[in-house]
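By letter and in written order, the chains are A, B, C and D; residue numbering begins at 1 in each of them.
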Amino acid sequence: MFSRVLIANRGEIAVRIQQTLQAMGIATVAVYADPDISAPHVAMANAAYPLHGDSAKDTYLNVGELLEVARESGAEAVHPGYGFLSESPAFARACAAAGLVFIGPTPDSMEALGDKVRSKEIAALAGVPTVPSSAVLDGVGADAQGFVEQWGFPLLVKAAAGGGGRGMRLVDGPDQLAQALESASREAQAAFGDGRVFLERYLQHPRHIEFQILADGRGHVIHLLERECSIQRRHQKLIEETPSPAMSPDLRRRMGEAAVALAKAAGYVNAGTAEFLLDPDTEEFYFLEVNARLQVEHPVTEAILGMDIVAWQARIAAGEALDIAQEDVRSLGHAIECRIYAEDPYSGFLPSTGRLLRWRPPTGPGLRLDSGVDEGYDVSSHYDALLAKLVAWGPDREASLKRMEGALRRFPVLGLVTNVPFLRRVVTHSGFTTGAYNTAFLDDNPDLLQAPQITEKDEVARSLGAWATANRTSTAARSPSLAPVDDGSPWRQAGPRRLP
Amino acid sequence: MFSRVLIANRGEIAVRIQQTLQAMGIATVAVYADPDISAPHVAMANAAYPLHGDSAKDTYLNVGELLEVARESGAEAVHPGYGFLSESPAFARACAAAGLVFIGPTPDSMEALGDKVRSKEIAALAGVPTVPSSAVLDGVGADAQGFVEQWGFPLLVKAAAGGGGRGMRLVDGPDQLAQALESASREAQAAFGDGRVFLERYLQHPRHIEFQILADGRGHVIHLLERECSIQRRHQKLIEETPSPAMSPDLRRRMGEAAVALAKAAGYVNAGTAEFLLDPDTEEFYFLEVNARLQVEHPVTEAILGMDIVAWQARIAAGEALDIAQEDVRSLGHAIECRIYAEDPYSGFLPSTGRLLRWRPPTGPGLRLDSGVDEGYDVSSHYDALLAKLVAWGPDREASLKRMEGALRRFPVLGLVTNVPFLRRVVTHSGFTTGAYNTAFLDDNPDLLQAPQITEKDEVARSLGAWATANRTSTAARSPSLAPVDDGSPWRQAGPRRLP
Amino acid sequence: MSQRRIQPHYPTPGPAFSYEVSEENGQVLVHLDSGTVALDVAQGDGSAGWCRPAGGLLLPFAYAWVGNDLHLWLDGDLFIFQPAEQRSRRRVDASAAGGNIASPVPGKISKVLVQVGDTVEADQAVIILESMKMEHLLKANGAGTVVRVLVEEGQQVDRSGLLVEMSMGS
Amino acid sequence: MSQRRIQPHYPTPGPAFSYEVSEENGQVLVHLDSGTVALDVAQGDGSAGWCRPAGGLLLPFAYAWVGNDLHLWLDGDLFIFQPAEQRSRRRVDASAAGGNIASPVPGKISKVLVQVGDTVEADQAVIILESMKMEHLLKANGAGTVVRVLVEEGQQVDRSGLLVEMSMGS
C-alpha cells in the first residue's frame, strides 16, 4: 500500500478521502489555493502545499504544479476526488509519466467513456440499451425523417460535441423540427465550434438511476447496487437514496448486469458509476453515461453495505484483488443523502456567500456528515456551493427519511442562506415520501420553490426577532468565546421556571 | 405505538432516546432541573417541564413530580434511560399504577436481578456459572475453612448487603484472613447497617464481557452478541468494543446461551445486559450481574448489527413481538466506543468544570457521536462527568481503532479538561491494539496515567502559546460570532504562501 | 424599551412592523401591531436556546448578526430581519433603485447580453454571472431601456455592485 | 514586542519561560530561552488554524482564554498556559499555600476525616469530596498538623475554596 498520497482536490471530498487514507495509515498531502489556506481539508492533512494563482486553472487544475507538489512531498499516488482533474485522461497520463499512481480508471477507459459516440458504441457492444438516437446529422436541413418515423415526438435535438444543455432543443411536433435543428446547430457551432447535431428520443418523466461499479485490474467487476438520483435542480443532483423506490429485484438484477457488462466492455478499472434513465412504468432503462470517478453521492452506498469505497479505490490502485463476489453484496436498510448547498432555493438557487457564524451539524445514531467547512469558515464565491453532505441511515426507508427530517431540523446554520430548510420541505413532501417521483419533481411541485406560507411559526419568529433586536446591545457583550466563564450561573434565562 | 413519551433523564442518553422516538413519529417530553434549562436534551424536545429543587433527589429522582409531568403532558409511556430511576422497581410500579407504560423490564424481574443472592440463585437455576462464593457468614470470626479448602487464595471478602467496593477486602494468604473478615464486616456494618460478609473467588486478570439481551413479552429472547468492557478506571467503563478480541465462536455461543437462559429464568422482558467475568486463558466465565436497563455502551452493538435498540425497547414495551430469530443476528465489522468525560486522567480522574468554549466533534464515514452538550454549554459539578460518547465503526478491528484514533485527534475541546487526549493514548497503546488486555489494563500500564513525556510537540505548543499570548489584545477583537464579515479577505494568515 | 421597527427580509420579504418588548412574571411579552405574543425564553450561551409561545410547542433557536441584519434560526428554519430604517435607506440606493441590475452575489461577468440603447422586456436576460462554478441569469425587473453598462465580460464584481443602469418604462 | 513570561500548567506543570515574538518573511519567529522556533501559522476565524514548525508536519490548533489562562488545543492534545505573574501570585494565596487543602473542583463535602489538632502523614486522606456524582479523596501534601477545618459535611464548596488549614512539618 502507498505510504503517502496527494489529494488533488478541496472541500468535503478532500476531507472525506483523507479520513479514509489516514485510517489506513497513509499520510496525506493537501494542496490549497489562497482562499482555502485554513480550510478543513488543509488543517487535517499531514502536509500541505500552496498553489499559486487566482483561478482554478492556475491552482486545482494546474497539472504542472500538482506534479511538482507530488514530487516534492514524496507522494506515491494521487487521488483526484471528483470534479477538477478527476476525469482528465491527460492528467492521469501525466501522473503515470511522472511515476505516480493515479487512483482512478485508466486514461484509455476514461477517454472511451467520456466520448459520447464511443460510449454509446461500447454500450451497444455490451448489449446495453441506450436512449434511441439518430446518427450524427451534418448540420442544418439534414434529413431526420427516418428517426422521426421510427420514434415520433417529442424528441431532443442535441449537440454531438458537447453538453451542459447547449445546442439542445426539445421538439414537440413536426412543425418545430426544422427550426430547432437550425437553431441548435447554430448554438452548438458557437459553443463548441462544431455544429453537428443528432436526434434523441425524449423520455418525459424518467427516473435517474445509477449503479456503482468496482473493478480490479484483474478482470473482476461487481456492482454495488443502485442509487436513485432523480431529485435534481438545474440538472444537478440534490438528494440521493438507496435502494431506489422504483426498483424491483428483477429490474435491479438486469440493470446491475448491464452496468457490469458495460464496465467489462470498456476494460474499466477502479470505482465508477453507470448512469441510466428509467421509465418506471415500463421498467425500460437506457444507458446515459459513465462517471469515471468517485461520485458525490457514494456515501449512501457505503451506508447500506458497510463498505468504504475510497479504501477500495486505494487498494485497487495499489494492485490488490477485489475479493468480493457479486452474491456477497448484500445491503442492510436504507440510506438517503442531502447535499447542503450555500444557495437560496427561493431565488432560483442563487448562491450565497458569507461567514458561517453558526454551523452545528446534528449527530447521533444513523447520521453521517461529510463536510468541507466548519463554524467560522468563510464561504466565498470562488468555488462550488456544496458545503457538506448529510447522510441518514435507517432500517427501512421510512426510518431513514424520518431521521433525515429530524437531522435537518436540528442543524442550525447562520451567516448565510443555505438550502437546509428547503431540503426538509422536500424530504417531508408527499410527492417524495411516497417514492413515486422522477426527475421532473421540482417542475411538478413549483410550490416548493416558493417560500413557505405564513404560519404560526412566523409570528414566533417576528417576536423573537424583535426580542433579539431589543437586546442587541447587551447580547453583543456575551460572545461565548470571549465572555468570562460565570461559574455561579450555569445558564441564563428570561423565562419562568414554573410550568406555563 | 405510543404518541407521546416522557424521558425521565438528562444528558446524552436523553438526547439519544429522543432521536429515536422522534424518528418513530413519537412526540417527546423532557424534564429539566435548573442548571439544565438550555441543555440539548431540553431544546430538542417537543415539550419540556421544569423539576424544582437543588438536588437530584428533588428533581430527576422525584417520582411524584415525574408522574405529575407525565399526567400533565399527556405522555403514555416513560423511558428512564440509565442511572437515576432506571433500575427502581418502585418507580416502575408507580408508573404502572399511574397508567403509564414503563419502557423497561417488569418490576419483579428488576427486583429479582437487583438482589445479589437472588440473582445468583437464578443464575444457578439457569445453569450459568457464577464466581464461586461461600454462603453468607455471620460476621466476625465465622468459619470460612470449607471455602478456603476448596478454592484457596487469593480470595475476596465482600459485603452481602452492598457494593461499590465498600466492605471489600482482597486476601492473599491465610494469615490475612481473620483480620480481613473483621475489618470488612465492620466497614459493611458502618456503610449498610449490615455486617454480613461472604467469600468469593478472586479472578486476578479477568476480562469484563457482557451480552446484550432483547426479550419480548411473549417469551422470545435473543442476545445481540457481546461487548468487551475491560478498559475501566475507578471500576467504571471507559472504552468498549465489539466483537471482543477474546472471543472464539464457541465461547460466544456458550456465553450467549447462558445470557439467554438467565433472562428466561428471570422472566425478563425488554432490553437488558448480562455481565460476566471471563478468564481468557481457560475460557471459563462467571456471571456477575444483570443490568436491567439500557446501557451506556449500547451503540457499539447497534453499529455492528444495524439495529436500533431504543426502537426495540419502545416496540416491546408497546406489546410488539420481537420478530428476529437468534440465527438472524449477524454482525458486520467492528465498533469501538470511547466515553468522553470532563475529567483529568493525570490527576486521578478528578472532574473538571467550566464552559465549553470550543466543542467541535469530528464527523465523517463510520463515526457516531451521542452527545449531551454543545459548544457554549456550561459543564457544572451537579451531574455525571460523561459529556458524550464517540463511536467508530470499521470493516475490521484495526480499521475501527484507526478511525477512532483519527477522530479523537480531530476533536478540539477548549474551556475545561477532558479525557480526549488520554483516550487517544489508550487506543494507540500496544497493550490495547493487540487486544490482549483485561480489567487491570490501567494498573498494568501506569505510564498512561502520567502526562506524556516532553516531545517536539511541546516546543511547538510553547511557541504557539507565546504567540497567542502576544497577540491576545488584537485577537480578542475578532470574535467569530461578532466580527463583521470581511468579504474582501476570506482568510487571515501570518504565514507564507510559498513552500517552506 | 422604546418602540422600534424591523422588517422581515427572508424567506418572505414583508412590511416593516413596530414592536415593544417587556418582561412580566419571567415571560417575554412582545407587543406587535397584530397583538401581544407571550414567550418563555431560555437562553444558553447568549445566542441560542429555546422558546415557547403560550400554549405552543417548544422551539429551539439561535441567532447571529450579519452587519445590521439579524439571522434567526428557529426550529429548522432561517429568518432574516433588517432594521426598517436601513431598508428604506437601501431603497434609494442607486444599486437597488428602479430597474437597475445589481449583482446579488460576488462573481464574474460571463456575458453581457445588452448594449446601451437596447430596449428590454420584463424578465429578459441582461447579464450572465458566474459564481460558485455555476452560471446565473440576471433578468430585467420590467420593461425599459439600457442607459449604461458598467461591467465587461470577465470582470469580477462584488455583491450589490451595480452592473447595468436602466431607464424604466416601455 | 516586549519580553514576557508564561508558564506551562497542563498537562505537565513546568517552569516559567520568557519569549519574544516577531515576524519575518511571513513566518512567526518565537524566541524562547532554548532557542528560536520558526513557525508558519495560518489562522482562520481568529482562534483556530494550523501551524507548521520549520521542517515539521502540519499541526491544527485552536485556542481560547479562560480568565487569564490560555487553553491551547494542538493536534489532539490540550495545553494550558498561565501568565508567570499570576502563577507566582497564586503561590502566596492562602488557599494554595503550604499544605493547606483546597477544593480542586466545585462539589459537596461528603466526609471530613480529620479534626483540629490531628497529625497527618503525607498522602493521608483528609476530605472526601463529592463532585459529578463521584467521590474524590483529597490528600495531605505532606506531614503536618490540622490547624483549622473550615467546612462541615454536606456543605457545598466552590473551586479553590480553602477546606482545611494545615501547619506543615512533622
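One rule holds in what follows: a residue touches a chain if its C-beta (ideal position, glycine included) is under 8 Å from a C-beta of that chain, and two chains touch if they have at least 3 such contacts.
Computed from a prediction, not measured in an experiment: that's the story for all the values here.
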Query: Looking at B-D and A-D, which pair shares more C-beta contacts?
result: B-D
Message: Suppose each chain is reduced to the average of its Cα coordinates; what separation in Å results between chain B and chain D?
response: 29
- line: Whole-angstrom distance, CA centroid of chain B to CA centroid of chain C, is 48
Junction residues of chain D, two or more chains touched: 42-49, 52, 60, 64-66, 106, 159
- line: Touching two or more other chains in chain B are residues 37-38, 44, 353-355, 357-358, 360, 374-376, 380, 382, 410, 415, 476, 479-482, 485, 487, 491-493, 497
Field: Pairs of chains found to touch, sorted by chain label
entry: A-B, A-C, A-D, B-C, B-D
Query: Where on chain A is chain B touching in the complex?
result: 15-16, 19-20, 22-25, 34-38, 44, 49-50, 52, 72, 299, 302, 306-308, 311, 332-333, 353-355, 357-358, 360-361, 363-371, 374-376, 378, 380, 382, 393-395, 399, 402-403, 406, 410, 415, 476, 479-482, 485, 487, 490-493, 497-499
Message: Please output the residues of chain D touching chain B within their complex, sorted ascending.
response: 1, 4, 6, 8, 10-12, 17, 19, 21, 23, 25-28, 30, 32, 34, 37, 39-49, 51-56, 59-66, 70-81, 83, 104-107, 131-134, 136-137, 159
Query: In their complex, what parts of chain B are in touch with chain C?
result: 37-38, 42-48, 355, 374-377, 481-482, 484-485, 487
Contacting residues of chain D [partner chain A, same complex]: 42-50, 52, 57-58, 60, 64-67, 106, 158-159
Chain C-facing residues of chain A, complex: 234, 342-344, 346-348, 350-354, 357-358, 360, 380-385, 408-418, 420-421, 424, 451-452, 454, 456-472, 475-476, 478-480, 483, 491-498, 500
